[in-house]
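Chain nomenclature is as follows: A, B, C and D, assigned in order of appearance, with residue numbering initiated at 1 for each chain independently.
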Amino acid sequence: MTILKVDDIGISFGGLKAIDGVGFSVEAGQIFSIIGPNGAGKTTLFNVISGIYEASEGRIELAGQDVTRFAPDVLAARGLSRTFQNLQIFQRMTAIENVMVGRHLQEKCNLFADLFRLPSVTRQNKETRAAALAFLDEVGLRDHADTPAGALSYGACKRLEIARALAAEPRVLLLDEPAAGCNSVETEEIDRLICRVAAKGIAVVLVEHDMKLVMKISDRILALERGRPLIEGSPGEVRANPAVLEAYLGKHGAREAARA
Amino acid sequence: MTCHSHFKSLAIAAAIALPLSGLSIYSPALAQQTVKIGSVLSVTGPASFLGEPEDKTLRMYVDKINAAGGVAGKKIELVIYDDGGDANKARTFATRLIEDDKVVAMVGGSTTGTTMAMVPVFEEAQVPFISLAGAIEVVDPVRKFIFKTPHTDKMACEKIFENLKQRNFTKIAMISGTDGFGASMRAQCVKVAPTYGVQIIAEETYGPRDSDMTAQLTKIKGVAGVQAVVNPGFGQGPAIVTRNYAQLGMSATPLYQSHGVASKSFIELAGPAAEGVRLPAAALLVGDKLPDGDPQKKVVVDYKQTFEATAKQPVSTFGGHAYDGLYIMVEAMKRANSTDAKKVRDEIEKTKGFVGTGGIVTMSPTDHLGLDLSAFRMLEVKGGDWTLLPPGT
Amino acid sequence: MPEFFQFLVSGLTIGAVYALVALGFTLVYNASDVVNFAQGEFVMLGGMVTVFVHAAGVPLPLAALVAVIVSVVLGLSLYWLAIAPARGASAVSLIIITIGASILLRGAAQIVFDKQFHKLPAFSGDTPVQMLGAAVQPQSFWVIGGTAVMVLLLYVFLERTLLGKAVLATSANRFAARLVGINTTTIMALAFGGSAAIGGVAGILITPITLTSYDVGTLLALKGFAAAMLGGMGNPLGAVAGGLLLGLLEAFGAGYISSTYKDAFAFIVILAVLFAAPQGLFGRRTIERV
Amino acid sequence: MLAALRHRYGILLVLAIVIAVLPLAFPSSYYFRVASLVWVSAFAAIGLNILMGKAGQVSLGHAGFFGIGAYAVAIGPTHLGVPSLVALLLGCLLSALLAFLVGRPILRLKGHYLAIATLGFGVLVALVITTESRWTGGPDGMSVMKLTLFGWRASGSDTWYWITGGLLLAGTWIALNLDETPTGRAFRALHDSEIAARVTGINVNRFKLQAFVIAAVYASLAGSALALMNGFVNPDQAGFLHSIELVTMVVLGGLGSVLGSIVGAAVLIMLPQVLTVFQEYENLLLGAIIIVSMIFMREGIVPMLSKFMMGRRA
């Protein structure tokens, strides 16, 4: 079942087309990767899909409904969740509080109940904490639950962001370079984590530079170059495409790689 | 919550307790040999040109009185606090004077705002309070323990309108400051204008810190039939109004300032533009020009010399109000031969024929000001100085 | 129509003052991201020091020079003693520090000088010039002209000198500026000194018109900040435009609508502008990068 | 004891004890007056801290709401014949409504632009209060009828000490309550990263507005309490300088720390009282103290002290 459908999306900044005519669709439980050299527009594409930027043209569908130019929080309520390339964690909160914020949409939020902290709020708080702990466990941060997020290592922060995104129980999860800056052990953990998430039926859209990781876990791959789609296909098809190599390595590099 | 909240709590307890207990160091000592007179003045802030000369005057003359042996056998201990023009602060200092310093009398309150904030404190504590503020509401209605020395703004309006009437002017424009003084006087003028057959045909205002009033004055200039312009205001505003007035070439229409600018520094600031400006003010400004027979002459000349020699700044009627307040208080204490607050109050109310810088004061249970229109002199700026306007001009 | 020109001149004169204060805000903000609420105190210092040095018998131009030097020294002290030691503090903490500095400077001024109002003689006399039916004080030309010269000097400095380029680079990206070898600390000190000089000169130019006292700074800081925001914080030309616009709004508001609510018009326009253009009139539109 | 202090009720307990025990050390009722002023200002500062410290939105016009609360209890009984308590509630309602209407467009602004917009709002409120003298008594202010409850008149410094102390306890309780709730977390989240808060489904505008309204109601209540306590109001309470004073209390005490706001208020209210011995050097010293404390305690007094204590224990 197609859960996310991006159709002929474009956006420009000051007359410069950052994204032009990009389209793809992702099924539930599928791992869909977007690759491309720096500046290809991967993060911009994520920002458009998650509602941070407004698309100048095109159409985005979430579970069959048009959600083009919806606000990020509205998209989140409809089951779209994401992480960021440059960390966007809540530094002054503890790890578990970060994940509890991720449960925001699952919680009843009533200002007056909160101001007087009625028994229902305390009860709900317990539930949220338990749930958040489970998500922390999922990413292996259970022991750091009460550590201030600002004191966590880079890799831990990356995983914390994923836990926070998962806590919203999304149908589509956008991961922006989850393995960046991680060592090979950590990368492997993230690899397993992504596969587990997909196995639950969540559609994962992945932007990642680690080609080994991408080729290993992706169901389908979209390669971008300068904001335009280059090719879309299975990892095998993409790997074999000379244009992709060229985009990554330049003409000369591509020849070298082909020879190797 | 984290465990360090314990320390937070300790810290707050300490932060509150320490300075407060520190305050109590200044508890009254030697209370028997001295009589404490309190004062809360706007020594800093927007009304500092009132509070500062008042502050200097009080200190100067308390030293003088003490050097001469004090009052009722006791030396005066003066406690002055600076409210910075803030009424809420004034209220706190008033409480402090009453509760902590245990003063038996109060001379102070530079502005109407601060005075009105302090009035309930002194009324409740039954301590006599001679205010230095201008507005009529300080003594109207009469409150048992509240007195004041400056002429009211209503009297200033009346004095100006009297002069207008003599010159057969009936149509005037007003440009008022929006500070407490200006707004209060403006309201009084609007109220008494009909009594003098005066019609206010144009009205403008300016903010307390405005530095250009040409826009407002241009509008007044454009209104046909304006025979005179009245400017209720204090501080630097009237000086700028006066300068802009001359700049716009409006000097042919007489300009009236109020007693709020009654200091030589107004003429200095306004410069040549001040020529011909009229205003009602106390005799103090023209002390040396008073005829020798004038009962006030000696007092005002003495005060002017003392003040200018010590303070090194031109005398103002504001400091004079403090002088009057202090001496009315001290003489009442002498007459009562006591520093008991209630006895002093009764004697203040019986003040009769007191010659002060502001006029000759005769109080009564229904009049806690004790001045009439004759206390005001109509002055005109001529040759860079105040001159007495001969009656009938 | 003479009324119109009278309001125009009045607005331009007051607006030029606001523009100079706003320019000081902008210079410091660009170099250090600090909103310096003590900016108004430099205007006070410029006026007060000139008044007192002049009163002591020093010729006016020399007294003015002394005043500018005093302002600059205090501006640099403000940076070295209060801003530099607080490096890394949050933006609000820095604002509170500058507010503390403004209280301190005012407190010192009331002791060193006095609490009276003072004036300076107008540079070219007090005889008004008649123009298009409006009576203009000659000093107005000094204020407007002085502002123009200062803006021009600042422009030349920023665009044509290496040091100026370093200031611009620091304002664009402090980290990158440091990487290319710009001593950003010096640049920031320079900005504080420069803004103090601008403030001092403004104080000297306007005192013959507006008079001065130890506490004129607060309101000027408020208006200057408003002007800088109206034009778009960080843009020198925006600061000048914002200042002039604010002055004109006040003058025309007082002239054509109501003098009582003239300050209201200025702020209503500011609110309206910000609702329509959240970055001020000439502010840079930033795109959120995530 | 220590274990109990980990709980928010621990803080409340200590605060209650401080409020209860402090009068034993008061030599005169002047101290009741100063302490009541501290409680009232602390109450307003706590509210502003929810907006500034938790939700990370600055307001330089908060005295506007303080003034609305103050003038509500002045104008209500005098001109409209509304009982003081009802007027107080109407003031809160008006502040909340105004905060809601003004906050919607204003809170879209960021950083210094938000600062100038809120400042503008505050200036406008103060200007209206100063100008409409028929209702407000103009720049000199007006007197306020004493609070009467079932025939009992609230007057006297000690009475108001207990009333304002109780108010402060309630305000502290509510502010502490917020911390571990979805609303409180949303505030802190949008403070740390607005963009991340949005993608986790937080309606950022709604929560900013809520924080603004809460802070406005706090300020309005504090204004009403002060006006009733003083028996008079004047436009200074709505003025720009009072706004700055409130912000300074919050920042000096510690952004985000409820106790910090109380400490900040205590420092700024008591300092001028202590500094009177220095006469004309008062303002000079006040400025110097603010600068020095912000340099050495840049996160604020309470966070710095607690960090220091933690460090010593570790």
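Convention: contacts are C-beta pairs under 8 Å (C-beta built on N, C-alpha and C of every residue); 3 or more make two chains touch, one makes a residue touch a chain.
Which protein is which chain? UniProt says B = ABC transporter substrate-binding protein; C = ABC transporter permease; D = Branched-chain amino acid ABC transporter permease.
These numbers were taken from a predicted model, which means no experiment stands behind them.
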Could you work out which chain's C-alpha centre is the most distant one from the centre of chain A?
B
If you average all the Cα positions, which chain's own average lands nearest?
D
Report, in whole Å, the distance between the mean C-alpha point of chain C and the mean C-alpha point of chain D.
31
Length of the line joining the C-alpha centres of chain A and chain B, rounded to whole Å
71
Could you work out how far the Cα centre of chain A sits from that of chain D, in whole Å?
41
What whole-number Å value describes the gap between the mean CA coordinates of chain A and chain C?
47
What are the residues of chain A that contact at least two other chains?
52, 84, 88
Numbers and ranges of chain C residues touching at least 2 other chains
110, 260, 263, 288, 290
What are the residues of chain D that contact at least two other chains?
131, 195, 280, 282-283
Touch list for chain A against partner chain D, complex:
50-52, 71-73, 75-77, 81-82, 84, 88-93, 97, 100-102, 104-105, 107-109, 111, 113-117, 121, 124-125, 128, 164-165, 168
Contact footprint of chain D on chain C as seen in their complex
35, 82, 85-86, 88-93, 96-97, 99-108, 110-111, 218, 222, 225-226, 229, 233, 260-261, 263-264, 267-268, 270-271, 274-275, 278-280, 288, 290
Spell out the part of chain B that touches chain C in their complex, as residue ranges.
43-46, 48-49, 52, 178, 204-207, 209, 211-212, 214-216, 218-219, 222, 235-236, 239-240, 243, 247-249, 265, 268-269, 271-273, 313
Across the complex, what residues on chain C touch chain B?
3, 6-7, 9-11, 13-14, 17, 110, 114-119, 126, 128, 135, 137, 206, 209-211, 213, 215-216, 219, 250-252, 254-255, 259-260, 262-263
Of all residues in chain D, which touch chain A in the complex?
174, 177-178, 180-186, 188-189, 191-193, 195-204, 210, 214, 256
